[in-house]
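The chains carry the letters A, B, C and D, assigned in the order they are written, with residues numbered from 1 in each.
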Amino acid sequence: MTDKILSSIRDFRDERDWAQFHNPKDMAIAISIEASELLEHFLWKTPEEVEQRIRDKREDISDEIADIAVYLFELADNLDIDLTAAIENKMKKNAAKYPVDKAKGSHAKYSEL
Amino acid sequence: MTDKILSSIRDFRDERDWAQFHNPKDMAIAISIEASELLEHFLWKTPEEVEQRIRDKREDISDEIADIAVYLFELADNLDIDLTAAIENKMKKNAAKYPVDKAKGSHAKYSEL
Amino acid sequence: MTDKILSSIRDFRDERDWAQFHNPKDMAIAISIEASELLEHFLWKTPEEVEQRIRDKREDISDEIADIAVYLFELADNLDIDLTAAIENKMKKNAAKYPVDKAKGSHAKYSEL
Amino acid sequence: MTDKILSSIRDFRDERDWAQFHNPKDMAIAISIEASELLEHFLWKTPEEVEQRIRDKREDISDEIADIAVYLFELADNLDIDLTAAIENKMKKNAAKYPVDKAKGSHAKYSEL
């Protein structure tokens, strides 16, 4: 998101001549696969075991989060989407979809609120 | 990632009393689900159709990217992971796993390089 | 898996002239997206809420399971994979990866047993 | 789906005392993770490379398909869902959502047809 990170991501890709593979569809696939790798850390685990896993595998989990972020930032960059603006814009919509008085203390989807 | 965005994300959650639901396992599930929603835009589509989709549904796609980012930033924050540091750390590892001379022009996984 | 189901799946696809879209990569994407839709029913929910959800949305959940199965059966069929044989073969490997004396009562991945 | 396969799946689980972990939420997570592992075989690949991958890694891909099927069959069984009936039921709905005259030769989602 910061210019420095984005520019490292671009350099890393371009030194390896990988832009040719990084079309939006494969980038979205990659994000989905990395999200599954993060989730796998918590599979079959109780809340207590999840907390223990986070203590035991802190760096691995941090790496999975970073993997998702790297692909996500590059995809936004490739599509000329300003991620900060996109987040601000989406959070305004979320605020309208989940008004505090209706959504407070509820995890229902907006369509089921 | 910027403090301002993080602080909006925390405020949004806390106004709705949602921290109780935002345990790491469900956050990882949410990231995975949002990643699938992004990917669905490109399902069954050729590269040309993907480009057309991006033109036609630019804001929807931007929203999906933002949804992933919001959950990812909050999860990192909840785990006391500095996302910028996590990315820099992971990119150093990636540079070692994918040395330029071996990885250039190849999309093979490091274990198959 | 039964011939009758497989033949309905093929007929459904061919009446719509959809084989042209059903390449293995997009089929795998479709399976992943449908799996996320199933999972979304359980997002943010406690075990008790999951049980309630299953009572409340039994047919929706059954439909999501069917969606995954339909794409999975067609993909196996397209790849000339006999799903019953594939399952038997994989279960033998699983039995070797997860020997009863080591795996009993543990949800650890084989690489961490 | 056949009784023999289902009964092997149940025996495998019960010999390892795994029913305690196999709640519907974790089963759905497992299906999603396995679906991603299948998809990873095709990441960054052109249609020709996908075909080559299938030739090169036929057994690995068959194993991933089997992994999804095993969890899916067990989940349906745990929920007392008859998978064959679920598929037949869903395919009737799909036939209504995707009438031949509208859907023929189109990969648009029913909501965009």
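Note that a contact is a pair of C-beta atoms (placed from the backbone, for glycine too) under 8 Å apart; a residue touches a chain by one contact, two chains touch by 3 or more.
Protein names from UniProt, one per chain: A, B, C, D = Nucleotide pyrophosphohydrolase.
As the structure is a computational prediction, the values presented were derived from the model and not from experiment.
Chains making contact with chain B as well as with chain C: A, D.
Just to note, of A-D and B-D, the chains joined by more C-beta pairs in contact are A-D.
Chain centres here are Cα averages; for chain B and chain D they lie 25 Å apart.
Remark: chain A and chain B have CA centroids separated by 2 Å (rounded to whole angstrom). Among all residues of chain D, those that touch two or more other chains are 21, 29, 32, 35-36, 39, 42-45, 107. The touch graph of the protein chains shown is complete. Taken together, the chain D residues at the contact with chain A in this complex read 21, 26, 29-30, 32-33, 35-37, 39-40, 42-44.
For chain A in complex with chain C, the residues that touch the partner chain are 29, 32, 43-45, 107. Interface residues of chain B, counted against chain A in their complex, comprise 1-2, 5, 8-9, 12, 15-18, 20-21, 23-25, 28-29, 31-32, 35-36, 38-39, 41-42, 45, 47, 50-51, 54, 58-59, 61-63, 65-70, 72, 75-76, 79, 81, 83-84, 86-91, 93-95, 98, 100, 103-105, 107.
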